[in-house]
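Across the two complexes that follow, chain A remains constant while its partner is chain B and subsequently chain C.
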Partner chain A sequence: MASAQITDNPLLFAERPEWQDVVPLEQYEGVRPLAPIFYTPEYKDATDYFRGIVKSGEKSPRVLDLTENIIRQNPAHYSAWQYRYKTLMALNAPLDEELRLMDELAVKYLKTYQVWHHRRLLVQQTCKPAPELEFIASCLQVDAKNYHTWSYRQWLLAHFNDAALWANELEFVDRMLDADVRNNSAWHHRFFVVFQSGVRQGEEDRNDVVRRELTYVKVKISFAPNNASAWNYLRGVLDISKTPYSAFTSFVTPYCEAEPPQLDDTSTDIMDLDDPLPSQDAQLPCTAAIEFMADIHERLGGDSLRVAIDHWSSLANTHDTSRKKYWEYRIREALSNVH
Partner chain B sequence: MADSHRTDELLIPLHVRYIQNLGKSTDELAYHMTAHLRMNAIYWGLTALCIMGHQDALDREETIDFVMSCWDEEAGGFGAHPDHDAHILSTLSAIQILVTQDALDRLDVDRVVKCKLILSLQQPSGVFAGDSFGETDTRFLYCAVNALSLLGRLSELDVERTVSYIRQCRNYDGGFGATAGAESHAAQVFVCVAALAILDSLDEVDHQTLCWWLSERQLPNGGLNGRPEKLEDVCYSFWVLSALSILNKITWIDADKLVSFILSAQDPELGGIADRPGDMADVFHTVFGVAGLSLLGYPGLVDLDPVYCMPASIIEARGLRKGWKSLPRRAE
Partner chain C sequence: MYQPRRSPDDNYVTETSEVQSETELILQKHIPADPEAPVTLQKNQHLQFLARNLVQGFPSRYISQDASQPWLMYWILQSFSVLGVALDPGNKQKAIDTILAWQHPDGGFGGGPGQHPHLLPTYAAVCALAIVGRPGPGGGWDQIDREKMYKFFMSLKQRDGSFLVSHDAEVDVRGIYCLLVVAHLLDLLTPELLEGTPAFIASCQTYEGGFSSASQPYFSAEADGSTVLLDSIRPPLGEAHGGYTFCALATWIMLQPYLKLQEPAVNPPTVDYQRLMRWLVQLQGSDVELGGFRGRTNKLVDGCYSWWVGGCFALLASLGVGGGYGRDAGPGTESQDDGEWDDIDESVWNKLGLQGYILCAAQHPAGGLRDKPPKPADAYHTLYCLVGLSAAQHNVYPSPARSAKVAREWRSLPDYPNETLRKTSFLEALSWSEEEGGSHVLGGTANRVNATHPVFALTMTHTEGIMSHFYKQAIPRRK
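The block that comes next holds the complex of A and B.
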C-alpha cells in the first residue's frame, strides 16, 4: 500500500474525482467562533472531508489515505488517529504495514502522545513485540531522553513479560549509560529492569544482584561524580535492599575532598572496585557526596549528628546556596531530634 | 514599531495585549496546528489575565459562547474546538473557564458527571484514560479529580482506587511519573500532588524526599528543569513551584533567581513569555510564567491557587481551598 504523501498527490480532496461522492463539512457551520482560525487550504480541505467521512461512518481504504494526510499535517489531531485505528480494525488491514508507516511518523513526531499510543494499540493486536525493541533503540538514538519512547519500552516489556524480551535489557541499559552516564531516563529504566519487574532466571540471588548494582553505580560515580541520577540510583538501591548508608563511608570520603587523591608511584591502573576513586579531572568537592555523607552521619545519630550539621552548613553557605533553606531545615530537624 | 522594554519587570500591559491578539494571528501554519489545544489555550489566556488583574480583557460572553460551542452532546463532555471529540483535557479547561467566568449555570452538571466521559474513563487499576482512544496518564487522573471537585461531585469518585493508582506511580526518588513505573517528571509530580491534595491524601507523599527532588530542579541560571540533567523551562516554574507550595516548602528554592529567570524569558517587543530567554513566546509559557511569579509573591499580581491553577479567591469562595502556602506578596 503506497503511503499518501501530501507531495505525491498535490490535488486537494475537493479536486479529486474519486472523492466527489463525499459531502465535506465546514468547521463553522452555525457557530460564531471566538477566534477564527486561518487554516491553510490543504488542512481545511482535508479536515472538511474528514468531517464528512465521520458523519457518514465510512471505513474504507481511502479513509486511511485521508487520515494519514491529516496526521502528516497535524500529528496531534487525536480524532484523526482514533478514526484511523477504527478503520484499520474494520478493514482488517495488514498491521505490519501500518507499523512501517508508524516507524516513519514516530521519528518525525517523537514528542506527540498519539503516535506512541497508536503504536501501542497496533502491537497489542499483532502481538509481535520483539522488533519493537530495535525500533525503540533507534528512536532513542535521535532523542535519548524522550519520555514517551522510554515509557513505551517499559510498557512493551511489562505487557508481554516475555523472558526473551527481557534477556538483553540490562545490556541495553549499559549501552545507553555508556553513551551518556547522565541520562536520567536510562537510570530510571535500570531500576525498573533490575528491581521492579520480578525476578528472572539467573537473578535469583538477590544479594548478588544488589552487590552487582552497588559496584556498577560506584564505578559510574567515579567516572562522573557530579551526576544526580547516579547518586539517586545509589540511594534507591540502598533503600530497597535495606543496606545501611554507613557501609559507603570509605567510598564517599574522597568525593567530599577539595582535590582528587594524590596517587603515589606504586599505584597501578587497576581500579579498586570496592572504593573506586574520583577521576583526576573530577570537579571536587562533589555536592552530592557531601549530601550523602551528611545522611550517613544523620542515620548514625548521637555525636555523628554534629558532623551531619557541619556538612549541611557547608552546603547552605558554600556549596549549594540555592537550596539554603532546605539545608537549614535539615539542621533544624536534626537539632530537634538530638534528645 | 513596538518599543523594546526592559525585562527586569513584568510587562503586564504588553502581555495583556499579546493574549488579546492571539485570536487575530495571521501566522496560519502555527495557528491551525493548535486547534486541538484551543480550549486549553483560552483557559491559559484567561487565567494569565486573571493573575495580572485584567480578567475583562477577554469578552466574557464570547468566551462562554466558545466553550458551549465545543459541547459534545453524545459524549457529555467538551472537545478542544467545535466538532472535535470530547476529551478530558478540554473538558477540564471548559469547566475551569466557566467557573472563572461565573457561568457554571450554563452547564448540565448531572449530564457531565453521569456521562460516559469523566467517571467511565477510570480503568480498574485506578488510572484514567483521556478519552475512548485509551491513552492513560496521571494528567488525566488530575483532570478528572479537579473537574469533579469544581462541579461539587467528588463523592462520585472511587477515591481509594484513585489514590492507590497514584501510590503505584511513586518512584524510588520520591517523584511521580505518568503511569506506574514511569520516570519521575515535574509535570507528573504536579498532577499527582495536586490530585492528592484535592483528595486529602497528601500523606501518600514522602514530603522530605520529594521536596528535595523538586528543589534540585533549580539550575545555576535560576531556571527550573523537569528532571535531572534536562534544560530549564519556564513552565516548570509552575509545575515545580505549585507542588512545593502545596507541600509548604516553596522556600526551598531561590526565589530571586527564579523571578529573574522568568522575567528574562519575556518577549519585550511582542509580549508573552517563552520557555527560555530568546525563544518565541506562547500562551502556555505565558500563563505558567505569571503563575510562578504569583506564587513567588511578585508585586501587583493576584493570588493563585496552586492546586487548581485558578484565582485563589474563586477557589476559596467554593470552599475548596487546601492548606498550601505561597510566598507573601511583596509591595510594589
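The block that comes next holds the complex of A and C.
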C-alpha cells in the first residue's frame, strides 16, 4: 500500500525490532521546560526516534516511514518535512509516488504551509505541472479561498510559464467566479492571469483585453453590487490601464440611487453591456459606488471637489457611518489640497 | 435592542454571503443590550488562562504546535507584559533555559530542541528573551550566537531580495519581518543583508493595496550565460492579506534607514500608501460585526486581525499617511485622564469600535481571547487581541524629542562598521512613544493595557533593555 496509516503498524518505534539499532533521544536534556506540551505516547516515541535519526544523518527508506508517521500526527513539523525531502533526494525515490501520497495528505491537512511547499519541491524535480492544475482545482472545491492553494497555483503557472498551462486559466477563473462572485481569491487570480503574467499569444491587443475585463466586471457588479471584490477589481483594471475613472460616470450613476431603475413594459432582456443596470433585487445605494463617484469628482478637481465632498459626507453621515473617520479624512485632505 | 444593519447581499446568495450572514447572526448577540453599561476587560481571567498554559502546560491537541514552541512562549510572555505582569525569578530562569534549548548549533532558533533553525521561531525566541532575559551567564542574551545567526540569515538570502524561512522552505514576508526585527534587536544590520529587500517588499503589494505572501521573480537570460532579475514582472503570489500586510509594512518601515543611505535610484521601489490605507480601512467590520477586522476582502472578521490590520495604522501614520499623528507634548499641553474624549482624534479608523469587538465578542467567558464567538480561546488569539486592544487604546508615534534624547547618549565605538545604518535604525526603533493625552480606553481606566511597540510587538521597556545591551549604548530613562 502506498500510504501507511499510523494505525497500520500499532507498535511504537521503540517496540519494533527493525528499529532496535537506533538510539532515541529525549527532547529536553537537563532542562525542565516551561509551558510543556503533553505529548501522546505515539508522538513522543516517533519524535524521539526522529532526533536519533537526525543525529546519525541516516537517509534510508525506513526514514520515509518515520517522517510520514510524524507528519500525519503533526503536519506542521517542518523539520520532518525537510528531512523527508532530503531523504527522497538521497534515495532517488520515485517522486510520482510521493505526489500521490501528498494528494491524500493534502485533503486532510490543507491549511499547513508544509504540505504545499513539499509539493512545490517535488514538482520542481518532476517538471510535470499539468496534473497539478486538476489537483488544485479539486482542493478548491473543498476550500474555495485557501491561501496556500491559490498561491501555489499562481507559482506553478508563473514558474513553468508554459502556454499549455495558461491556456484554460481564464475559463477556470470564470467557473470559480460563477460559483461565487464574491470569492476575492478568484478575483485576485484573475488579475494575476490577465495583467501580471506577461503577454500571451492572442492577447497582444491590450486595449481589447482591458475592454473585455471592464465589461466583465461591470456585468458582475450588476448582479450583486454590494461586492467589494468586484469594485476593487474594477479599480485595479482602471489603474493599470490608466483609464480615467470619469469614463465610468454613466455606469456608476444608477448604483448611487436609492432604488434600482424601474423597468417599463418595453424593456427587453438584453443587457446593455456598456452600462449594465443594477438587478431589480439590488440593495441600493451601493456604498462602493458612492465612493467611486466621489473619486471621479476628486480627480476632476476644481468645482467637482464640492461634489466629491458631498458624496463623502453622505457616506460619513448616512451610508457608511462606521468608516466616518476615513471619509472625514478624505474631505480634509481634499480641502487642504485646494490651498 | 439595537439591531444594526445587516450586510446587504442583493438577494443574490453565494457561499460568501451565506457564511457572512451566519456569522452576523451570532455576532449581533454580543452587542451590549445597554450601550451605557460598562464593558470590562477580564484581566484576572486572562492571566489565569495564560498561567495555566505556562505552568501546567498545553493539552495534547497542541501537538500541532510542537514546531512552534517559541511562539507559545512568546504569546504567553508578551500577553503577560501587555497586562502589566512579570514572571517571578524562578519562572523567568526556567523560561530562559527552555528558550536556549531551542538554539541550533548552526545559528538561529528552531521550533523545539534539535529542530532546524527557522526565521519565525527565531523571532519568537529572541522576543521572548527580550522579555525574560538579561545580560551575563545564564541570562540568555549573551548565550545567543550572533555570528552564527548572521551567517544563518545570509544563507537564506535569495537573488530577488527575499529570504527563505528555513533551508528548502518557503519564501514569505513573515520571514523577512522576523529576520529584520531580530537583526534590529541584536545589532546585526548590514547593507549586504538588506540589499534588494525593499524592491521585493514593494513587489508584494497587490492591486487591492494590501500585500501578498511573496512575489515571483522572473529572470532573463543574458548573452554571457548569466541571468538578470526582471524589474517589470514580479507578480504577487496570493491576494492581499492582513497578516502578510503587517509584516510587509513593518519591514518597509525598518528598511527606511537603509533606503535613505542608497544613492538616489532611477526607479526606487515605492509603496502606494493611499491604496494601502483604503484597503486597511475597508477591512474594518460594520456595526453588526462590532467593528472587528477581517483579514481579506469578503472574508470573516477575526480577533487576531485587531493587531495585524489595526496595528498597521500607527505604522502608516509614522510615514506621514492617514492623520492622527502623535505630537510631543509642548509647554502648556495638559495630559488628559484616560477615558476623556480628545476631540482632536483624527485617526482614520474606528479605534473605539475595535475595542468594542475585543471586549464584547473576543473575550471568552472562561478566560483567554478568541477569533470570534463561539470559538474557544487560544494563546495566539489571546496575544493578538490584547496587542490589538493596545493599538486601539493608545497613540504610539515616533517622537522627535525622544529620538533626540536617545541620540545625545550615543557613543561611537571603535571599529564600528556601518555606523550610520545601525545608529539610525537604533534611534528610529527607540523613538516610539505613547502620546500623552492620546489614549482613549473604552470602559474606563481599569481596562487600560500597556502600550505596544508598533513594529516589534514588545513593550517599549523590553525593547530598550535588549537593544541597550546589544548596541552597548546607554538609554536615558523616560519621564
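We adopt the following convention: the second predicted complex is superposed on the first by the 335 of 339 C-alpha atoms of A that agree within 3 Å, B and C clash if a C-alpha of one lies under 4 Å from a C-alpha of the other, contacts with A are read in each partner's own complex, and residues count from 1 in each chain.
As a convention for this text, a contact is a pair of C-beta atoms (placed from the backbone, for glycine too) under 8 Å apart; a residue touches a chain by one contact, two chains touch by 3 or more.
Keep in mind that this is a model prediction, so the values were computed, not measured.
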| item | value |
| --- | --- |
| Partners on chain A (chain B, chain C) - clash or fit | clash |
| Which of chain B and chain C A:Ala228 touches, first, second, both or neither | both |
| First, second, both or neither for A:Arg332, with chain B first and chain C second | second |
| Contacts of A:Asp281 with chain B and chain C, given as first, second, both or neither | second |
| First (chain B), second (chain C), both or neither touched by A:Arg212 | neither |
| Partner chain(s) touched by A:Gly198 [first = chain B, second = chain C, both, neither] | second |
| First, second, both or neither for A:Ala144, with chain B first and chain C second | second |
| Touching partner for A:His159 - first (chain B), second (chain C), both, neither | second |
| Which partner, chain B or chain C, touches more chain A residues | C |
| Footprint overlap on chain A, where chain B in one structure and chain C in the other make contact | 25, 27-28, 31-40, 43, 51, 73-74, 76-79, 82, 85, 113, 117, 121, 145, 147, 150-151, 154-155, 158, 182-185, 188, 191-192, 196, 227-229, 232, 235-236, 239-240, 321-326, 329 |
| Chain A-touching residues of chain B, taken from the complex the two chains share | 22-26, 28-29, 31-33, 35-38, 42, 62-63, 65-66, 69, 81-85, 87, 131-135, 137, 171-173, 177-179, 181-185, 211-212, 215-216, 218, 220, 227-230, 249, 251-254, 257 |
| Parts of chain C lying in touch with chain A, wherever the complex brings them together | 7-12, 14-17, 53-55, 57-60, 62-69, 72-73, 76, 91, 94-95, 97-98, 101, 110-116, 118, 166-170, 206-208, 212-214, 216, 218, 233, 235-241, 279, 281-282, 284-287, 291, 296-299, 322-323, 346-350, 353 |
| Chain B-facing residues of chain A, complex | 25, 27-28, 31-40, 43-44, 51, 73-74, 76-79, 81-82, 85, 113-114, 117, 121, 145, 147, 150-151, 154-155, 158, 182-185, 188-189, 191-192, 196, 227-229, 232, 235-236, 239-240, 321-326, 329 |
| Sites on chain A touched by chain C in the complex | 25, 27-29, 31-40, 43, 47, 51, 54, 73-79, 82, 85-86, 113, 117, 120-121, 144-145, 147, 150-151, 154-155, 158-159, 161, 179-185, 187-188, 191-192, 195-198, 223-229, 232-233, 235-236, 239-240, 279, 281-283, 321-326, 329, 332 |
